[in-house]
Amino acid sequence: MFSSVLIANRGEIALRVARACRELGIRTVMVHSAADDHSPALRLADERVRIGPAPASRSYLYPPAILEAAERTGAEAVHPGYGFLSEDPEFAEMCEDQGLTFVGPPAAVLGRLGDKAEARRVASAAGLPVLPGSAHPLRNGSEAERVAGEVGYPVIIKAVAGGGGRGMAVVRHPRELAQAYSTTRVAAQTAFGDGRLYIERYVEGARHIEVQILADRHGNVLSLGERDCSVQRRRQKLIEETPAPGLPPALMAEICDAAVSGARAIGYVGAGTFEFVVDADGAFFFIEVNSRIQVEHPVTEMVTGVDLVREQLLIAGDRELALRDEDVVRRGVAIECRVNAEDPERGFLPTPGVVEEFTPPGGPFTRVDTHGAPGIRVTADYDSLLAKVIVSGQDRDHAIARMDRALAEFRVAGRGVRTTIGFLQEVLAHPLFQDAKHTTSLVDSMISL
Amino acid sequence: MFSSVLIANRGEIALRVARACRELGIRTVMVHSAADDHSPALRLADERVRIGPAPASRSYLYPPAILEAAERTGAEAVHPGYGFLSEDPEFAEMCEDQGLTFVGPPAAVLGRLGDKAEARRVASAAGLPVLPGSAHPLRNGSEAERVAGEVGYPVIIKAVAGGGGRGMAVVRHPRELAQAYSTTRVAAQTAFGDGRLYIERYVEGARHIEVQILADRHGNVLSLGERDCSVQRRRQKLIEETPAPGLPPALMAEICDAAVSGARAIGYVGAGTFEFVVDADGAFFFIEVNSRIQVEHPVTEMVTGVDLVREQLLIAGDRELALRDEDVVRRGVAIECRVNAEDPERGFLPTPGVVEEFTPPGGPFTRVDTHGAPGIRVTADYDSLLAKVIVSGQDRDHAIARMDRALAEFRVAGRGVRTTIGFLQEVLAHPLFQDAKHTTSLVDSMISL
Amino acid sequence: MTESSEQLDALCRNVVRLLDAARGPVHTLRVVAGDAAVELIWPQPEPPVPGAGQAASRPPEVESASAAADGAEICAPTVGTFYRSPEPGSPPFVTEGDLVEAGQQVAILEAMKLMNPIEADRPGRITKIIVADGDPVEYGQPLFLISPDS
Amino acid sequence: MTESSEQLDALCRNVVRLLDAARGPVHTLRVVAGDAAVELIWPQPEPPVPGAGQAASRPPEVESASAAADGAEICAPTVGTFYRSPEPGSPPFVTEGDLVEAGQQVAILEAMKLMNPIEADRPGRITKIIVADGDPVEYGQPLFLISPDS
């Protein structure tokens, strides 16, 4: 087991990882950009290195600076958090080349799963249902039209190098396809440096269900159950919960089993998430794998009592999973709300500024993961996540009431700073959400009203 | 079910009750003294009434002012929290006379359990083991000497009206008895307005074990398991945990069953705690009942997932307990540390002052119950509890490491303000505590070093 | 809370905050809220006196709640209902302009059927009756203004 | 909260921040918010007392990272190791007192075997080399002081 970890991330997840390290007696090194000089998260690190300026491309996304900091501080492992370099196979390889343990799957696994078309093939070969679509990256627009015709409209065009809801377009009519193909191609090339695309049938009115996996280097693979992440705005998750409400437990067990099979087939190692859609008829289809810890991992922690980041670290340290299927006792319902510094009244535009008042909620069965504090500056350089509020309750109604109570307590103020707190409360109060009859289109329908 | 509750308390427990009420959709009224005008806890109330000056005798302990506030605001129930009037049978009766639901046991039960000598008789009659001692209040010093002689030294002299660790004296030699008797008598008369005393054998090197009970008005009585509260300074609890470490689970099950029998025998209603000592040979003895919610209730909540204050409110609203024994699934280990505004280097003297910096810990499996905030004033009028830090972990070692991590994060500063945080960390690191070989004398032995 | 009392609250909270932050002795503190302005002036440092204690230079004390500009206040000793007369229909204990003795009853505060007599704590003239007959009051709420009879 | 009390709140919070930053004793503090203005006056420094500590009465340092009193700073463009010479044993790119052109290389910053040339961003005289050869530096750390040659 390594005795020190460099945390190559920022914000609440850097804090989350630092806490897990401290509890394991592992020394922590945090790297940070100049924009984060005063982040309270840095307090929790044993050592800090300022590696670059505010733009992520020269700090959190710049491997040489991160690796230099690791070498200088004698860090033995690197935890990449989520986003940034967390799923970059080249970065994982550079770490291993330098003798650093990369806290995540092997570079080869990251590479295969990062190619979303390849991930579909792997999943399909492992017996997981996938949506009808292209077996390989599309060669050109006319192949796209042919495949879309075979698959049947609506379809979704996705970037092979994409994921996490970015670089995709839904196409409902054949006449829109050519335009969407070239637009998405340009977008993908710009965002990921890889313009390759693939096509899948698009499921309207779906539920987004994902499965938390833990897999060690000794062949043990464990499911920690599903999460429902159907409350999304433009494919960005706002509210996540577990168990998935209003869906048959037998179906959920089937999806979890599928995820375990998929993880075994690809040789997955670490904490990972298998994403699925469930259509209105209760059929489910594999979408992609997120090869890292997820933003929404705390809901799984709340109902299982398992510390996922701790498990990640132990797995990276070559330990065998101490948990077996029968040890995973799920209890109650957990919900997470993402509080972003965005203005719902102006199209969820990020609102940079200095947070002057910051009083997160407290109390029983309420957890807040945040790097927020009075005086922090929200900058446009990074995503607008300010805090995650997670609650659990004995049943879903109670958990919803508790979340509403917690959000009502949350006080964030600062010139120009707005948050999504009020909007989240509106979603919680929506009859479709309360009755668990919502789909991924709920939020868009609320906004377009 | 009532639709509004007056919270006749202050500090963290007022906040705790207000949160539970909000989650049940119950309107809250908080009463407060002039010293608490600016308490952030008041923000969570729907209505606030300033009932008196700083001294509790004219505010939180003054029934006419509280009942006037209830009448004025149309409150339908009163939650007394812990301390203050929470176990006062007369106050409970005044509430009921005014048509208010008292959230607690019936006045008659409070009366019988408040008489600690009577509580011993009831428990003994219900088949619970009690320590050898006086069957009735002592008539005078010479009866005290006779009973002590029969019981065998060391003995402990206790106030009939006492409880919670106050109004008692340990006597190790017969020659000290007369003096201790008269001193304690005066102390009891002063503190409780009732100088009656009783004697019990004193158990050296004991563990303090208590059992959380829930009982409804329909005859259902439920145990939520034991708590170990052996880390005490002068009989004031500092650290509590569950399950009791290093004691046989079968013994704990036996104690829990005994508590349930006792609760049934007395006709207990609400949330209550049966206190026991366990001696070095593993024999257990009933000590007393705390007829209210306890400061340390969160550790039970963490391992069972049951919201005890919510259950209290539902029981007071005449609901039948929805939980059955088989629903109580205990998972992991939970520990609570009480962070007091006291100076361990000056005999744990309270340190009044203004708290300027107040940053409680956060993160996974970490809960902080506190009314603290930057700017609050700690006054000498009330107890010095500033915050309760509660963590859970998959096992005890992990829970201890997590608590140490959490305490290390906690930042409290202000001119003259000191806290017990550092001392709590010393206890956590003590070999006897780590090996669960500690007894109620651990802290005193650490201090006298 | 009403808007103006909220404003007052904010004002006073901020004055306290400023004084706290100012630490040592301050000579002048001005705060204006309309379009903002703060002025803090500290006294010229005294030539240091070796060994002199610091106690004399304590920060200024905020005035207590019971002393108003135009006299003193008589405040509610508990929460209750304010009555100006011994019983309904009978004449009030006092009216504005009356001279009272120290210890003279000026009102009743009723809480849970307990009738608490309110007495003037000093001799003087009742210049204002702040609360209306039958109104509920909280602890510490000003009931009367009383001025020395000059 | 009303807007004006919110404003007041912000105002005073900033005053507190200023006072914190000011550290030692301040004589006068003025803040106006409409179109902004801050004035902080420290007392005249006492004639220095031999042996007395300096820390308490030091005026606050608010130097920006890139502008120093006696010229400009050349700062590290990334984290790395600072080298004054192209290779061990060879003469340094520059020494104190040298005149440099804009764009002239003055040092190397090595990060993970990548040799980043450090160049002067303006013409001038190297008045100070702040970091020793072979020292690790963080992003933004000042490496050289450079002054216009006058």
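Note that the chains take the letters A, B, C and D in the order they are written out, and that residue 1 is the start of every chain.
Everything below uses one rule, namely that a contact is a pair of C-beta atoms (placed from the backbone, for glycine too) under 8 Å apart; a residue touches a chain by one contact, two chains touch by 3 or more.
As the structure is a prediction and not an experimental result, all values here were calculated from the model.
A.B. asks: Which other chains touch subunit B while also touching subunit C?
C.D. replies: Both subunit B and subunit C are touched by no common chain, going by the contact rule given at the top.
A.B. asks: Where centres are the averaged C-alpha coordinates, which chain has the largest centre distance to subunit A?
C.D. replies: Farthest by centroid: C.
A.B. asks: Rounded to the nearest whole Å, what is the centre-to-centre distance of subunit A and subunit B, using the mean of the C-alpha atoms as each centre?
C.D. replies: 42
A.B. asks: With centres defined as the mean C-alpha position, give me the subunit A-subunit C separation in Å.
C.D. replies: 56
A.B. asks: I'd like the Å distance between the centres of subunit C and subunit D, where a centre is the mean of that chain's Cα atoms.
C.D. replies: 51
A.B. asks: With chain centres taken as the means of their Cα atoms, state the distance from subunit A to subunit D in Å.
C.D. replies: The separation of the two C-alpha centroids amounts to 39 Å.
A.B. asks: Touching at least two other chains at once: which residues of subunit B meet that condition?
C.D. replies: In subunit B, nothing touches at least two other chains.
A.B. asks: Give me the residue numbers in subunit C that touch at least two other chains, ranges are fine.
C.D. replies: 13, 17, 20
A.B. asks: Within their complex, state which residues of subunit D touch subunit A.
C.D. replies: Touching subunit A: residues 6, 9-10, 13, 78-80, 111-112, 114, 136, 138-141 of subunit D.
A.B. asks: Show me the residue ranges of subunit B that touch subunit C in the complex, using the header's touch definition.
C.D. replies: So the residues of subunit B in touch with subunit C come to 31, 33-34, 38, 49-53, 58-59, 62-65, 67-69, 71-72, 354, 356, 375.
A.B. asks: Which part of subunit B faces subunit A closely enough to touch in the complex?
C.D. replies: 15-16, 19-20, 22-25, 40, 44, 298, 301, 305-307, 309, 329, 331-332, 359-360, 362-370, 373-374, 392-394, 398, 401-402, 405, 408-409
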